[in-house]
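The data blocks that follow each hold one structure.
Look at the two complexes coming up: chain A is in both, with chain B in one and chain C in the other.
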Partner chain A sequence: MMSDMSMTEVAAGSAGRTWRRMRANPTMLIAVTVLLAVLLFALIGPMISPYDPYETALRMRLKPPSAAHWLGTDSQGRDLATRLMYGARTTLMLGLAGVTFAALVGGTIGLLAAFYSRLDNPLMRLVDVMLSFPSILFGLSLAAMMGPGLDSLILAIGLSIMPGIARISRGAALSVMAQDYIDGGRVIGLPDRTLMSRYLLANAYAPILTYTTLAFGDAVLLAAALGFLGLGLQPPTAELGSIAAEGRSFLFIAPHVSFAASALIFLIVLPVNMLGDALRDAADRRAS
Partner chain B sequence: MNDFAVARGSLGMRARKPSRLVPFALTAALAAAPLAVSAEGTVTLGRTLDADRYDPHRSSALAAAEVLQMIGDTLVTLSPDQKTVLPELAASWDVSEDGLTYTFHLKDGVTFCDGKPFTANDVVGTMDRWLKPDAPHVSTWRAGEVDSVTAADDLTVVYKLKVPSSNLLYQMANFNFIMIDPDQAAALGDDFGVTGFNGTGPFCLDSWKPRDEVVLTKHDGYNWGAPELGNAGPAYVDKVIWKIVPEAATLVATIPAGEVDASYTVPKWAIAQFEADPTVQILTPESSYRTSYIGFKTSRPFMDDIRVREAVAHAIDQEAQAEALYFGLAQPTESYFAKNVLDYPADTDTSAFTYDPEKTKELLTEAGFTMGADGIWEKDGQPLKLTYYGFNEALSLDIGQAVQGDLAKVGIALDVENYDSTAIWGKLREETYDLYEMSYPYVSAGDALNLYFNSASIPSPNRMMWNDPETDKLMAAGNAAITPEDRAAAFEELTRHVHEAVLWKPTVEETPIVIAGPRLEAFVPAGLSGAVFDSGLNLKLK
Partner chain C sequence: MKHMPQDTMLTTDITRPDPLLVAQGLTVTFATDQGPLRALDAVDLTLAPGETLAVVGESGSGKSVLSLALMGLLPGTARIEADSLTFEGRDLTAITERDFRALRGTGMSMIFQEPATALNPVRRIGDQIVEAIRLHEDIPVRKARTRAIEALAATGIPAPAERAEAFPHQLSGGMRQRALIAMALVHRPRLLIADEPTTALDVTVQAQILDLIRDLARETGTATLFITHDMGVVAEMADRVAVLYAGRLVETAPSAALFSSPEHPYTVGLLGSMPQMNARGEPMLPIQGTVPDPRVMPPGCHFHPRCPFAAGACLTDRPALRQVRPGQMSACHNAPLIETLGGAT
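And then the complex of A and B:
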């Protein structure tokens, strides 16, 4: 039991150090600020917007930004700012759900592969096959095969992101497996389940978490890309990719629609990637 | 003309809207590289799509029709208002009293591009090839139920039917009836219309680079065109190049730049901008018929009730669609086909197709629906939730969302599903949706009625699943009518009947709009099947 306690302390201690290092990093602060602003926009915005994101008004379509409609209106005459608030919500939710699914499945596969060496080959070769497809292509094929719908979309995004996480998770777990305390745990007769959760996961989670943060950006981008290509959630659901796609036909007469949607995708993905980079740097420095 | 004069005289107006010119400059810069202004005597026509082959018996695509109309001729053609049949390769014709035998007297001196004379045997060979059983040939229904096509002499063709076909001469103006060189078709086999096409048209096929360009050269000595359509021949220009410009926005920029002389595939949003450009001409056909509609699947629960169909029809605002989605370049309509086509009776009751959301509520109440707690009508515990199929294409996506928005306002939930143009035709054959979106060209009421409403056309193109003996009876009577009066009586009655049944919500009527650059003389585009440049005989450089 002593060893358990100390393991947890080490983990908490290293997380705290990482956070202090990140705080000293200005890029990090910018990233966090932008991301928080986007989150506020997506979560609080819908409560204060006076417009219905779904009520169409064709004769008001493609109007440029004005006092009544701060970002103008879309191709159905709906308030674009309101559509973007709901759209950001949907896209963030899809990204989060996709990446959570990917982390759970990919993390488990990696840990299993590292822990049971006989599973290593079959599992990782499967992951290799999945990795050999670019994630956008993989996601596209899955979404096209399963048809439109929330479940299939999350599954498509999750499965496309998953192989990378499985790889990282296996790598991290393998280095932990080489540690003496794993053998120690085995010697005192701890069951596999305890060894995996208390020893293996508790010490291998940091790189998995870092990579998952980075992958969240990819997941958001993939969700938007599928929406842009018409394989995402069906209309009238607001989703950033499909809003950008709707505006594309009118790029020359109403560029604000596509521009605003694309800018918002950018404002989500860039800070997430910056955040991920900073997390990785912080973790790297700790490792070195 | 007034529009152009205003734009020319008011530079101030242009200066206030500089943003309108920016896209042109942008796309011109992007598009400038591959094309150059056409040579003297050459007209370049721009379009976004190519055809898979140029064989009148194997294609139903407009992209094939518009080239084939230039390199081939039909026995007869239609006047600009599409109501009168005119001679083309046939100088005249007689129809027997029983309506079963058509005798065509061909023009003398007609030759193919390779110099071979065109005779009655070529007509026989053309029809034999088209109607050959089990061949991959399309649209053979247009030929009627053919008994035999024979050559009485070099210039006389006898076309015998098993049952009369009142629409036959109108159908014969269609590009599927273009006369081919049967010897060449036999020699080339599968490559016919790909590596070569020997026709009798005002132009000859010179070369085809798929998805790039089709080059046509003038057919010397051509003089057998219909004078009623303008120039009877020979062509004014030496060469016509059909250029593929896949990105519509790029095409928009090539016309003022003079790289493309004319096109009708420019997007709607660009037309308003062209109206402000004095160097560009905007041309429209005298008549051209294409109607867009939302079809109702009458075999589905809810949709089998005519009151529900009418309720849905009243909820959709076709005027807002015409004004906003088509940028005012389409006419809102309340009939399945244009009111000025042959055999449309003026007393057709189209009151079911007005935009009147209040009427929707009345009809649904009358049909036993009550408003549910979630704002959706329901009956026997079932919410009024319908499924809609549309195309995964810009305008179609907008139409789907507009219909969804309109129905949401009256408390009808609509699930919109959009499919790619390759997948949708299969999906539309299924029994899995209630509403669908479509647009179609036609020349007359009889043409439109035959295409859609016959029970033999279930499940496609009769996607309404309209299985009605009265419809079939009137259709047969109209088709088999020998006199124009009998035909009109039957088709007019049928027109009234199918409108009363509320099988579609007609939305807009569209006319193709040709944008022509500064090099080209103004001309009247043709309306037939949407091939606006028709034979190319009226294309003339300034």
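And then the complex of A and C:
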């Protein structure tokens, strides 16, 4: 009902409500704070660190944390904190690129399957086949098949998490397809692409976005896992998974290397998952 | 499918030589897991330009399937067969999707039962109407916006310029239905299909919306196919009535004739279940039984299990639609009913 509320207030209503619920939720605040800290570490860190992430200093190998090297040094004598900054940047970038690719492809597949019922079966059965592989195994075989390299790594990560996004998108889009306004758009003669963008996607995006946030955590984890298994970017490129793998050989004499890299992965994935859960709760009107 | 073209000719008013819409033997079958399901069974309909035809029937009679079939909006699981299905002489069964799309909105349009869900919730009313205008007309946004506000004003929405900035959820049900009507009529289509447009509205608003549809249709010369189960609405709106039962057309007649002397027992039942102001104390007469399951339709006349007159041929032969008196046709073996009742009415 129209009231004195201004239009912009009303338009912002649902986003504003979501934000208020998020603020009232301490988990959410912790998640956002940790994630921002990690982001600052990865983005600003490389600019202010006095060390080079690639220059080796063999006499400084595997030194424990000290005033000069806050997190110690790795097996090549490089400053571990600096390595982790560059590594976090790489891993985050891989996760982001992978999840973006997955959201674009998976979202499109889901919307198409919901919109054109004759495409539903062929597309979703394909997605089912992809889903039947554990995504780590799927990413592993893809990365091994396509060989090392940034493009193939992003593709492997993206394709591994795409099926989940496709399923969620189809589900969300199907419930929108059942609404009268889809036919309402048709009776005025709207072409399919307009119906799919301004009617279907515009009303179905919320669950897709929430799931994609959660999938970002999976993508980061997968990027790190591939790096750990040696299928990621090749050394000396700093990447969290491969730094953790490097440190594994010296786990008993210098546990700080693996530990710090693993902790950083944890500090990325956990808040992302918390954020996704909180987003889902905040967007879901039934949860109070 | 047996069917009689000569009967169809009789339903057409010969003073209007070019019907807007002709459907002959229109049959719609859905493919389901339990086998084919016939939602419409050889329905014959004609609609003259500017005419208001009410299609009445209970839930499940095929009314809504009929409207979706005419708009070309049935899902892929539906198969449409017809001896003839033409709009302004164009064969709708052979038309390309692109041409059909161009026809929707300009040649024919539709309003829905639930105004609450028939508008895109994330877009402003005005933007949706502007989109509808610019889809078929190459005019600048500002001009289209003026037109949209005029269209809203024509439906009696107060402060149309402000309402154009509103989102659907900010309007009342009646307002939303007005906005939908504005959008449907913005290109002055020759045919408006109104699928129970007042069912979801308050009683006080219903009459206003009905008046609005009638006035605007008259103004723009739009023919209206009015889908309803409310005989009161029929009496109010329709020039002519077509009664559907279980996917078949059982009676068609000018509105006045249908109310004064219905010629199909089902129509009699529909009228009997209508509350009467002047018949205080008399019980309403509901039709016994329920609509048959479309997967196991009774043989012969679909209505015979519920019909007080059913006998003999009713149980075995499908009754053909035949003329009972000029302009009035009934698919009943016992029509005219006055003879069946032995002059009792």
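Here, the second predicted complex is superposed on the first by the 272 of 288 C-alpha atoms of A that agree within 3 Å, B and C clash if a C-alpha of one lies under 4 Å from a C-alpha of the other, contacts with A are read in each partner's own complex, and residues count from 1 in each chain.
One rule holds in what follows: contacts are C-beta pairs under 8 Å (C-beta built on N, C-alpha and C of every residue); 3 or more make two chains touch, one makes a residue touch a chain.
Everything quoted here is computed from the prediction, not taken from an experiment.
> According to the stated criteria, A:Gly107 is in contact with first (chain B), second (chain C), both, or neither; which is it?
The answer is neither, since A:Gly107 touches no partner chain.
> A:Gly185 contacts which: chain B (first), chain C (second), both, neither?
Touch partner of A:Gly185: chain C, not chain B.
> Check the residue A:Gly98 against both partner chains and state whether it touches chain B (first), chain C (second), both, or neither.
neither
> Considering only touches as defined above, state whether A:Pro236 meets chain B (first), chain C (second), both or neither.
A:Pro236: touches chain B, not chain C.
> Just checking: does A:Gly217 make contact with chain B only, chain C only, both, or neither of them? Give me first, second, both or neither.
In the superposed model, A:Gly217 contacts neither chain B nor chain C.
> Should A:Arg118 be classified as contacting the first partner (chain B), the second (chain C), both, or neither?
The answer is second: A:Arg118 touches chain C but not chain B.
> Identify the partner contact of A:Gly139: answer first if only chain B is touched, second if only chain C is, both if each is, neither if none is.
A:Gly139: touches no partner chain.
> Pick one for A:Glu55: touches chain B only (first), chain C only (second), both, or neither.
first
> Of all the chain A residues, which ones make contact with chain B and with chain C?
Shared contact residues on chain A: none.
> Can you tell me which positions in chain A touch chain C when the two form their complex?
Chain A residues touching chain C: 1-2, 7, 10-11, 117-118, 179-181, 183-191, 194, 198-199, 202-203.
> What residues on chain B touch chain A, complex-wise?
Spelled out, the residues of chain B in touch with chain A are 23, 26-27, 249, 252, 267, 269-270, 273, 317, 320-321, 323-325, 392, 394-395, 397-398, 400-402, 404-406, 408-409, 415-418.
> Quick check: in the complex, which residue numbers of chain C touch chain A?
68, 71, 73, 75-77, 101-106, 109-110, 112-114, 117-123, 131-132, 135-136, 162-163, 165-167, 170-172, 180, 183-184
> With touch defined as at the start, can you tell me which chain A residues reach chain B in the complex?
Listed in rising order, the residues of chain A that touch chain B are 54-56, 58-59, 61, 75-77, 148, 230, 234-236, 246, 249-253.
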